[in-house]
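Consider the two complexes below, in which subunit A is the common component and subunit B and subunit C are the respective partners.
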Partner chain A sequence: MPSPLRHPAALQGLAVLIALGLVIGPLGPLLWAVLRGDAITQLSEPRVALVFWRSVWMAALSAGLAVAVGLPLAILAYRTRIWGAELLAMLMPLTLLLPPLLMAQGWNGLTGWDGLWASVFVLGMCYAPLPALLASRALRTQSAAAHETALMLGGRKLALREMVRTARPAVILGASLAFLFAITDFAVPDYMAALGETFGVYPGHVYTHFRDDDYWSGARAAAPLVLLCGLVLYLGLWARDHWGAEEVGSERQAQSMDWGRQTALTSLIGWSLLSLTLLAPLVRIVYELGVAGPEAPGTWSTRASESVQAALDRGREDIGRSFRNGAMAGGLALLLAPALAHLLVRTKGWCGRSIMTLTALPLLAPGVGYGMGAISFANRPGWSNFYQGTGLVVLVFAGRFLPIAVFLLAERFRSVPRSRDDAAVLHGLSYPRRLIQVFVAPQASAWLLAATLVVVFAVRELDLAILLPGANQSAAVRYFNALHFARDGFVAAFGLLIAILLFLPVMAYAAWTSLCRRDD
Partner chain B sequence: MRATLAPLLLALAAWTIPACGGPEHDLVVYASHDQEHSEPIIQMFEELTGLTVHAQYDVEQNKTVGLVNRIRAEAGNPYADVFWNNEIAHTIRLKEAGLTQPAESEATRTMPEEFRDSEGHWVGFAARARVIMYSPELLAARGAKLPPNILDMSASAYAGHGGLARPLTGTTLTHFAVLSQKLGRERVLQWLHNSRETDLSYTNGNATVMRRVCQNDFPWCLTDTDDAAAAVANGYPMQVVYPNQTENLRGTLLIPNTVCMISGAKNPEAAQQFIDFLVSPEVEEYLAKSRSKQIPLNPKVTLNLPPEDLPLPYRDYEVLAVDWEATAAELDVVQDEFQKLFIQ
Partner chain C sequence: MTNLALDLRELHCSFGDRQVLHNVALQLEAGDRVAITGRSGHGKTTLLRVLAGLQDADQGELKLHGRIAMQGGQSTLAAWERSLQLVFQDLGLWPTRTVAQHLMDALAAQGIRGAKAKQRSAETLKALSIAELFDRKPSRLSGGEARRVALARALVSRPQLLLLDEPFASLDAESRADGFALLEQVLAESNAAVVLVTHDHEEAKQLNGRILQLNEEGQLR
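And then the complex of A and B:
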């Protein structure tokens, strides 16, 4: 008797049930607050409404900035021949590995910028890789015919416009994700609101309410944010469906565009954009390794080497634990994401979008709310091994960051021609085999990248690390603890160490694919 | 594909399953103190007693309230045995919520009465003082003066040259709750309101405001002694003043670390051993000589440090007398008001 999981509905249903279980367990009270209409009543207080709408437009500007930087960066890195394009493409995601607060400190140290606009700028730079990464596949798989026709009829200008059109759906989704991350970020505005006119943001309001004795108070405060994020995501998915033409037919992919005499200029633009998102603050962070006051003993290099040594000595075990937890969450995402991504690609209309929005709720909810929900769900007599162990951590981390993997994978699955899937059906392939052979295998790099992103975000996650017993002794807790207690050199060294370790697999993979391409 | 997937899944399972049960331990300690110092102290305790401790740490953005929240959320089935808080007000709030239990012993009774609970639920040790840290060079360059006391910080002559953390978390929240309890809520709220009209800078924490002085954004700040000590340890030529609160309300505010046993703790004996160890002169001496220069409260501690290295309360400066229970009750009320003032 054939396994029921051979059918798409069964496997996808199972994946959706697991994903929804990860949502409803910890987020029940928060969802209830949203459904009860607390989102609206919260905003009836003028002060709260003011802070809320400020957060909305700040996040919208940050997302716009992320697109303004991320899209040209993606086009230059992935589809044009500029100097060091491969290196540019490889370095671009590195920004996502660094905590936004570290970036804020880097920019503040470099420029002295403070205040609301500095906060918008930093968040825009931090999340620029999101639209860029989501757009990258669409750009790489653009039909050669469309590109060549545009180049012939309207030159580079029209070809660029065609690339933007091709990338638009993915960019919209990337912008939505950048908006979600920016509007829920508390650390950067909190740090930047120091000099001049101070300003509050809505996550600050949510955070202070979660400190109250009553979880419901935090859940009610978070309700408008969760509702808005859900709406933005739904609209992002709608826009993506509405404008995203499925790639059909052409198996031949467009070549990278040559800039001719403008290569130097475009290379300069590309590397300047990367400097904004990564290199400039990174230089400052490296400088922080050994920076000290005029009365500090030793030289910059001796202090820097002491900082690195301290980071290795004190943080090694925490890094190991964080990576193990992140890797397990990434592994779980590897299993769940393909079926969900396929569901997202193949289920048209409001139903598919609603399922995805619901599945994404852990990402939309404040980490502290998700963590508190996980405690009330899992801290029960007789469950102590589960509560204090890694199992809960893996489930919660995977639940929170799975949507990132699903969205990235869905973008890649979209470029698989429908005809190939239909042929597999006609050939009698079971659903799991179809999913693996037609979708996952050709997109193995995206599959691994999606899991890597889950690992990255899990390693960076702070709120859940504080709240879950199995996650507490982690790189994130040690990093932010040292940040608070002004161990500046240690913080820079430890932050760089984490980023380098996270980036090593990405670099190794990029080098390997580059070698394979040369062999071909 | 199947051939590559199977070993991957097997490897993941082999890595995952052994870790799922959680660590074996004799005691669970929640510590909101600086991990760089609390970690070696916990290790010292493990070596001394042979017990295994599962330690959980807190960080700046959730500053004490992360673990405090967790203790509240876990109330039905407590996981922590001991809470080592790096301030006092939230410990008392936990007591008021019925989440702590008495843990008095001969060792805890050696601490001064003003720094321990009359019912034995908590005991204070290794304090920090709320001080004004300044850069003499920048102060002179700007032709500015230091405020003579805390409440004068917002006067126009001083405000443009200084800063402090927003009183929403940590020791600054506790400090303003003390002021509110002593001087009256209306007066403190009005002061905060006025200070926002002047150029007094507000940052997200004591370490940040200290850093701002080090990077010459302004010449002085209100912060904790451990942050000032960190600035000096990082080679910045900073000086410290132990201020009175107002002209009439004399004394510097000391905020001790506190430790308490959680109600329903699963390992009460080990918890009591740990509490006794924390308040021992050896631990206070270790913390006093550490980079954060915590101020010892145990009269048995004998430090051979000169006053310029570590000024001591009562000997080198006056200490503000505080009713901690009343302060914790006040904090409950004023923190909402502070939030309304600062989150807008």
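And then the complex of A and C:
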């Protein structure tokens, strides 16, 4: 009798059920509020509508800024010969790993900017790597024939235009994602408003309602944001599918374009863009390690060393706890993501886009909404150990960041030739074996990267860490509290320590894959 | 009445508004060979995928050795239960598996494991003159070697129907002749029916069987 394990339905069904539990458990009331039409009724109140539309245009501006910086950065780093292009490409995504609050701290320290416009700028810089990364993947698929023809017909100008055309669908999706992350961010606008001109954003409105201890009130308040985020992501995916064209011609990959005598200028532009998104705020935070008034004792380096020591002494345990919780969430994602990613890859058209949007919901919903949903689900008599313990934290972090792992793997699985999977079906391989042999094993590094990203995002998550009792004693909460109470060397050192620890696994991965490529 | 190796009737298949296969019928007895020619995009690969059970159709009935495999265009017999194999145009080799593991995976699905599977794999590789590739992974194979491995994987489970999707399309004339000589040699030892699809009439002739054409309307003539 044929084994039921040969059919994908059983394993995919199980993975979908667990993933749905992680979505519906915390987000059920929130989704119900959307379906009931609360998104519309909420916005009928002029004050609420004002805050909502302010958030919309702020996030739209941030997304525009992210594209304006991200697209040229991707072209320069991945498809042109500039000085240090490989290093530029390796450093570019790191901004996404940093807590946005750290970027806000760095930029505020550098420029003194605060208020609404500073918030727009910082969020734009924080999320510029999203369009850049998606554009870089698209640019790598451009065929050599198409690129070389453009070069011969119209020189660098036409070649650049063709690169932009190739990257356009991916950039639109990247802009949509930048918009989503910007509009649901609460920490940066809250910090910038505390420093300067006061202004409110919609996630703040949602947070206030959730603080009223009435989950339904919070769910109703979050409804417009969830609906808008779902729509924007669906449209972004539609744009990618609709405008994205498969490259035809030679299978040869297009080479990097030479800038000739303009190499120095373009290199300067490339590194300046990376300074905007990463280097400048980080350098400022390094400077803040030992900055003090003229009467302060010691030199910059002695004060910096004391700050680092203080950060290590006072923050070690919190950082350890954050990484432990993150690692467990990453482990869960390792198990669930492959089957879900395979399901996504095999489902096409509107159905595929809808599944993708649903999968992304935990990431799209405001963090505070997801956290409050989890609390209202788990805070009940007899569950106190679970409610206050690590179990809930791991499940909530895994649920919120599972979409990152699923989307990354789905993107890689798409590049696997259909015939490999068909051959496995024809030979009757069981579904788990097929999944591992055809998809996971050849993409093992992506599989590990997906789990690493879940760990990293769980460690940098602030909203959930503030809300969940089991996650209160974490690196993100300590940093948030320290920054709001003081602006001293400890804050800078602790922020920098978090940044380095978040960078390390991803940098190690990048170095490893780079070495593997050279060995090949 | 003898059971046909393949009995396909009234197959209709479309993608959206575009009809790719229109009222296609095909009957083969054990040992029969048929080459189907047609231009790119005329549904040759789709026909093979439907026969293999990798894709449903809009309409059509299919029997394989008397067993109903498709009714009303819907597959009723899973791909791995059809006693057939398909050699894909791009081969579909698994990058992390060695040549031997490719063959042993195919045998394991039939319940043949261990020393017996290893022995059968070695025999098949020897028959295809690639015994020395036993432990190699696909990335270490030349184009011609990879084709032989794909053929070996398809043949090791001794299928009753072999489907070939432009198996020698990208080869020069000499290598293609070698490929057909090899195919001839392995088919001589089996009674498998063969369906080969190609856009090249010369390749179709080299199979030494019937030649049919899939025309623009998706009809088989």
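Here is the rule we use: the second predicted complex is superposed on the first by the 408 of 520 C-alpha atoms of A that agree within 3 Å, B and C clash if a C-alpha of one lies under 4 Å from a C-alpha of the other, contacts with A are read in each partner's own complex, and residues count from 1 in each chain.
Everything below uses one rule, namely that a contact is a pair of C-beta atoms (placed from the backbone, for glycine too) under 8 Å apart; a residue touches a chain by one contact, two chains touch by 3 or more.
If you're wondering where the values come from, they're calculated on a predicted model, not measured in any experiment.
J.: Touch check for A:208: first (subunit B), second (subunit C), both, or neither?
T.: A:208 contacts subunit B only, not subunit C.
J.: Under the stated touch criterion, which partner chain does A:140 make contact with: subunit B (first), subunit C (second), both, or neither?
T.: Once the two structures are laid over each other on A, A:140 reaches no partner at all.
J.: Please work out whether A:438 is in contact with subunit B alone, subunit C alone, both, or neither, and reply first, second, both or neither.
T.: A:438 contacts subunit C only, not subunit B.
J.: Classify the contacts of A:331 with the two partner chains as first (subunit B alone), second (subunit C alone), both, or neither.
T.: First partner only, subunit B.
J.: Compare subunit B and subunit C by how many residues of subunit A each one touches, and report the one with more.
T.: Partner touching more subunit A residues in the overlay: B.
J.: Going by the contact rule set out at the top, does A:81 touch subunit B (first), subunit C (second), both, or neither?
T.: A:81 contacts neither subunit B nor subunit C.
J.: Touch check for A:424: first (subunit B), second (subunit C), both, or neither?
T.: It touches subunit C, and subunit B stays clear.
J.: For A:156, select first, second, both or neither according to whether it touches subunit B, subunit C, the two together, or no partner.
T.: neither
J.: Where on subunit A do subunit B and subunit C both make contact?
T.: 437, 441
J.: Per the contact definition, I'd like the list of subunit B residues that touch subunit A in the complex.
T.: Residue list for subunit B touching subunit A: 1-2, 5, 8-9, 12, 15-16, 19-23, 28, 34-36, 54-63, 65-70, 72-74, 76-77, 79, 97, 163, 166, 168, 196, 201-205, 207-212, 214-215, 217, 226-227, 230-231, 234-237, 292, 335, 339-340, 342-344.
J.: Residues of subunit C touching subunit A in their complex?
T.: By the definition above, subunit C touches subunit A via 49, 52, 54, 78-81, 84-86, 88-97, 105-106, 109-110, 153, 157.
J.: Using the touch rule from the top, collect the residues of subunit A that touch subunit C in their complex.
T.: Those residues of subunit A that touch subunit C are 2, 6, 417, 419-429, 437-438, 441-442.
J.: Touching residues of subunit A toward subunit B in the complex: what are they?
T.: 47, 50-51, 109, 112, 186-187, 190-191, 193-195, 198-201, 204-205, 207-208, 210-211, 213, 215, 292-297, 314, 324, 327-328, 331, 334-335, 368, 372, 375-376, 379-381, 384-391, 394, 436-437, 440-441, 462-463, 466-467, 469-470, 472-473, 477-478, 480-488
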